[in-house]
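Below you will find the structure I want to go over with you.
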Amino acid sequence: MKIYQQQLHLKERKRGFHLITSEILQALPQLSEIKTGICQVFIQHTSASLTINENADPTVRKDFETYFNKAVPENDPDYLHDDEGPDDMPAHLKAAMLGSSVMIPIRNGRFALGTWQGVYLCEHRNYGGQRSLVITAWGE
Amino acid sequence: MKIYQQQLHLKERKRGFHLITSEILQALPQLSEIKTGICQVFIQHTSASLTINENADPTVRKDFETYFNKAVPENDPDYLHDDEGPDDMPAHLKAAMLGSSVMIPIRNGRFALGTWQGVYLCEHRNYGGQRSLVITAWGE
Amino acid sequence: MKIYQQQLHLKERKRGFHLITSEILQALPQLSEIKTGICQVFIQHTSASLTINENADPTVRKDFETYFNKAVPENDPDYLHDDEGPDDMPAHLKAAMLGSSVMIPIRNGRFALGTWQGVYLCEHRNYGGQRSLVITAWGE
């Protein structure tokens, strides 16, 4: 069994949902050496998250932003943690709902994703800055 | 360390939440050869998802359907992605909230689930068709 | 490749969100023997969950409790599963939204968490009792 680990620094994205599948693949060329395995992608932040969803129609990613802004409102007077601005506490909550990592099976040196699946960076802050990922893949 | 991977095609289920623990176990007979390990179950779709929850009272699964239909409404006029019907965009959102994979520890050749835990297929479309899973288990 | 697995029984916590990173680390001293790997923490319950979020300001954890109580209301007359009290069905729903496990990359014998990341036990019941975790770490 082999294991590979790589850090990936993503350039700053605007608030919203962004496809990053190809950046992950480029960061891990050793993937091709794994016949059967798993790849974990982990984000080292608490106000951005990762999920897997549709990789084709960009309106899906826009609707994600619309929906989560309604489901997790800014400026709720009950929030206690509000020093860093109205987008801060909702960003933490959205990050927990979507999750800090995705796990993708590997088959024959490739991601065994469905036809319509891609990895999203979910940027929940207005100015989130660069985001750091840790990519770990193992298998044989 | 051993690793096993298996594809499983689930028959079409109606919209809602369905227990599939026993189907997963049947698809992976090699599980019994792993003393200490992990099993990942991954769904290759963006409008259905997987989660772990109560395996006993079927009303829990009905309440899941009721709750998520309220929390992620159909026919929101703000949705841009609506060509495939009113259940489409909510299905993508529910899938992201619940997740595309579950990870179950293995101990002595069995799933180390709690007494009340089972794996749910969460079918978010009215007519989702067959669903494909990739099951990967590793350990020693 | 090595793999270690450990059960951890957490003492009863009150309803809310609690940092448990240090308890996990104490339960798995073998972590220091893994240079590159992954640690999975799994909760064997369906009315409590695990997530990763901010480890510093305690008001973040209070706002998590406030938000999830609004997003998943008690006493919805549409719930069918209500024999165990008003906090029961919401607990199952919150647990599914947040998830039954977290996966943390390991680098040089330590968790490769971001500066502000910690592991939360999310206790969704009023009287949840002790909670059992299964901690599994693998790598080389």
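So that you can tell them apart, the chains are marked A, B and C in the order they are listed, and the count of residues begins at 1 in each.
What we mean here is this: a residue touches a chain if its C-beta (ideal position, glycine included) is under 8 Å from a C-beta of that chain, and two chains touch if they have at least 3 such contacts.
Just so we're clear, the structure is a prediction, and the values are computed from it rather than from any experiment.
Novice: Any chains in contact with both chain A and chain B?
Specialist: Chains that touch both chain A and chain B, as defined above, are C.
Novice: How many degrees of rotation carry the C-alpha atoms of chain A onto those of chain C, rounded to the nearest 5?
Specialist: Fitting chain A to chain C on C-alpha atoms yields 120 degrees.
Novice: Given that chain B and chain C are copies of one sequence and touch, is their interface built from the same residue numbers on both sides (over half shared) or different ones?
Specialist: Chain B vs chain C: different; shared/all numbers falls short of half.
Novice: Determine the centre-to-centre distance between chain B and chain C, using the mean Cα coordinates as centres, and give it in whole Å.
Specialist: Computed value for the inter-centroid distance: 20 Å.
Novice: Could you check chain B for residues that touch two or more other chains and list them?
Specialist: 1, 71, 97, 99, 103, 138
Novice: Mind listing the chain C positions that touch chain B in their complex?
Specialist: 1, 3-5, 40, 42-46, 71-72, 76, 78-81, 89, 92-93, 95-97, 99-101, 103, 132, 134, 136, 138
Novice: Show me the residue ranges of chain C that touch chain A in the complex, using the header's touch definition.
Specialist: 1, 36-38, 51-54, 57, 59-60, 62-64, 66-67, 71, 97-99, 102-105, 107, 112-117, 120, 138-140
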